[in-house]
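These are the structures, in structure tokens.
Presented sequentially are two complexes of chain A, the first with chain B as partner and the second with chain C.
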Partner chain A sequence: MNAGLITSYIIAGILLISMLAMNIRVSQSSAEITLTQITREKADAISDMIYDDIPNMGYDTEGKTSEIITVADEHKVTFYRKIDPADTGDPEEITWELTDEEIPSTKNPDDRVLVRIVDSDTTKITLGVTRFEIWYFDDFGLSTLPEDNEYLPRPVVSSQLTDIKQLYIALELESAEQIYTGPGGTGRYIRTAWEKRYSPGNIE
Partner chain B sequence: MIGYSEVIQTMAAMIIFSMILMNANRMIHRNTVMQVEGELEQEVIALGQEIIEEAHTKSFDEVTVGATAPPADIPGDFVASTSLGTDGETARQYYDDFDDYNGHTETAQTAHGDFEISVEVYYVDEDDYEQTSSKTTFKKIEVTITSQFLRNNAGDLREYRLEFIRNYYAD
Partner chain C sequence: MGRAMLIICSAVLISMGYIGIGSSNQGKRLNEKVVNYADFTIAKNAAHTGIQIAMQKTNAEDDWPNSYDSPESAWIDTIQGIEIALYMDYDEGEEYWDPDYLRLYSHAEHYGSIVQVISYFDKSPFSTLVPPFTGALQLPTDIGDFNVDGGAHEINGISDDPECTEDKPPITVASDSTKQKLENEDLQKDGGAFEDGDVQVDTTLNYEPTDELIERLLNSGNTQTVTSDFGSTLGTADNPGVFSIEGDVTLSGQQKEGFGILIIRTDASMEMDDPELSVAGNFTFNGLVIFENAYNFNGHGTPTINGSVLIGETPDYTGDPIDINLGGNIEINYECSGENYARQAAADAVEQNKYTRIVTRENVRYVDGASDDDTLVDLIKKIN
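On to the complex of A and B.
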């Protein structure tokens, strides 16, 4: 066997390994995009629900509800709002809370069940929420950076509940499955974050 | 030359493969950039909405702040278009009417980095909603947001603009 043939075999081997590595990278990238998209869709779904509830807190068919925010804690907020203007009954009491309950259907150890309770009707949201934190402000436009410490101490005491003018909500979701960066490497969960400051018209 | 023809063929294959590899890397890089941009753009929208919603909770005009009755002349009593902006308020938390946000600039510090925000408020014509120097019952807020991580192909900062038109009678 001549030297040229041996060299070409070696180069061909390197080429094949490179192609395999490239194929793995493209597959990983593709999986990462898919997981990112799925996780972001889930975050959008939750933020849409929050966006319907929070700005409408205190809404009643005739003016405002007598009480608006009743619980304002780090991972929990309870308030009154009228969901259906055609309904003549009392306004509904709504609670958003991140519980300590793990989601058994995913491998991610950090995701928890987020609940939305309307009166006594509980909806469990098991979409991979790893963080749901709320800060409360008694003035407009204050710094939302936790280190600036311009938010009200949580849980907000009952005498200060009526001082709340803005709520800043941070939501983080992680994928149910991991992405592995290499053979034998430790995987990571795809994370998406969403945060927004609300100025509900009925509490200003 | 017998024996080296395989080497030449393999090298040609390597050149072709390198081109494919470069394209694949470019695609992966572009996908990663798009993922990051998508995440940052969510933040841009949240920040823009935040300013618009906050401004919407304030009075339509300085003359309507705390007023028990509407102005006698609408829109004649409203602030002139040349005077839109703060009227003594020194910071965002003191703004008390919609057009106080005109000229407002700030750097929003978030978990996704810093965003530069600038706000413009002006009267718009009630027929075509274009900017006008006359007083009308319509004011438009325009929030422009930039981030050093969001740039166009030329490398310039991409400007994201969120707008909202407010009508005095719709409050």
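On to the complex of A and C.
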């Protein structure tokens, strides 16, 4: 056989194998990005709900609610707000809490049910939340890093609830399924994080 | 071999293109998320800024909110390239001191939905410029000589006005030394001579807030400066004024009453022209009378001041301490209505209102039945 032809087959083989390997890696990466995207969409859905609640705490039609924050704990916050500005009734009591209840529909052992309770109506959020943590600050200009321990001790005692001026919320979600890096490789869950520091206008 | 290499290269290029398109789409989706969040933040900030601009316009023109009182008549503006639409509910208090309430609805579009910010404000005259009256006669700085000529004068801390919820001491001073100078003289109040407690030391009393008040009033452009004989009105109950006496001034216009703030400044003096005064009977000023760096306060004549008289020196004053001579039939009465006239005069002069945000909320409102042709006002109508 012609030596040149053999060489070209070898080169072609190496190239094809390389392309195949790269394609597999890109496919895995694509799957990971897609999973990340899905997890982020879920985080966005939750953060949209949080955004609607937290900045509006204490809102009532003619003034602030008589009480604003009533519970301020590490994984739970309860406050009052009027949800519908046209409603003349009493403001609603809202609770956000990360429970210990596992989500049975996923294989992820770390995700928990996040609940939003409006008066007595409970909405269970089963989108793969693995962390929902809140820090409370009593003044402006402090470090934005909760690790600096400049936040109020949790649970915030009732006498300090009116001192709360800012809330720092950290939310983490993980995918329901694992992603594997290769045949026989150990899988891992895709994680996405969202953090925001709020200064609700009605508790300034 | 050439043909084989051509095939291989073509395959490589096609594969690379396929991978490239896939990666590009992923990146595009990630970028869209970031841009979406940035656009939302800009829309929200534009809606908040709209409220701030509306407050400034309301401050400049009281009736401005009434022109934009519904979604149909919303005020439209563009802030940072974002169109905003804002309308207001304006609840005006009946009396001057009754607060007005403003509810502002500010909107900016965000991908077919509406970012809505609602803020509720209390609008009151900017009246805190005037330091609270602590007594009928207030002496926040030390004085020179203090003389009383006769016993026809009166300094009263008990108000005759049923609207006043509390009485004040006839005289408040900032130091014990000033108090001693006063107690050595024969001071009179309604019902007889001064008693213990009628001259009170208030260590928080100082002239600085009054100094700042005068500076603001003089810079406002709405203080009437009087340098010679003056025959015009000295304010009315409905429209109290601020008057700065800077020279030897004689009230020659048969003025029986004045309302607001009267400032007698360095080396100035004010006398009621006797023939005119005899026609008018008594001259009464309702409000705050300030003697700033006036080297001599002569309380002779028959004026009545319902409100408070404040005598003091600015920190940079290097002249002699103010001597006070009380005589004749001067009457100084603490009145809360006089305090209100002074506050109203100051608020009207500086033309500023005090806005207190009572409560606020911000939301994304999703619009049912929105179409691409809808204007921002159309979208607002649909969420109401």
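Here is the rule we go by: the second predicted complex is superposed on the first by the 181 of 204 C-alpha atoms of A that agree within 3 Å, B and C clash if a C-alpha of one lies under 4 Å from a C-alpha of the other, contacts with A are read in each partner's own complex, and residues count from 1 in each chain.
The definition used in the following text is that a residue touches a chain if its C-beta (ideal position, glycine included) is under 8 Å from a C-beta of that chain, and two chains touch if they have at least 3 such contacts.
Everything quoted here is computed from the prediction, not taken from an experiment.
Within the superposed three-chain model, A:109 lies out of touch with both chain B and chain C [touch as defined at top].
Judged by the touch definition given at the top, the superposed model places A:63 against chain C, while chain B stays out of reach.
In the superposed pair of complexes, A:187 makes contact with neither chain B nor chain C. When the two complexes are overlaid on their common chain A, residue A:85 makes contact with chain C while staying clear of chain B. Judged by the touch definition given at the top, the superposed model places A:40 against both chain B and chain C. In the superposition on chain A, contact of A:52 is made with chain C only, not with chain B. In the superposition on chain A, the residues of chain A touched by chain B in one structure and by chain C in the other are 2, 4-5, 8, 11-12, 15, 19, 22, 26, 33, 40, 55, 201.
Residue ranges on chain A touching chain B, taken from their complex, read 2-5, 7-8, 11-12, 15, 18-19, 22, 25-26, 29, 32-33, 36, 40, 55, 139-145, 166, 170, 192-199, 201, 204.
Against chain C, in their complex, chain A makes its touches with residues 2, 4-5, 8-9, 11-12, 15-16, 19, 22-23, 26, 30, 33-34, 37, 40, 44, 48, 51-52, 55-56, 58-60, 62-64, 81, 85, 201-202.
Within the complex formed with chain A, the chain C residues making contact are 1, 4-5, 8, 11-12, 15, 19, 22-23, 26, 29-30, 33, 118, 120, 357-364. Looking at the complex, you find that chain B touches chain A at residues 2-7, 9-11, 13-14, 17, 20-21, 24, 27-28, 31-32, 35, 38-39, 42-43, 46, 49-50, 53-54, 56-57, 91-93, 95, 109-112.
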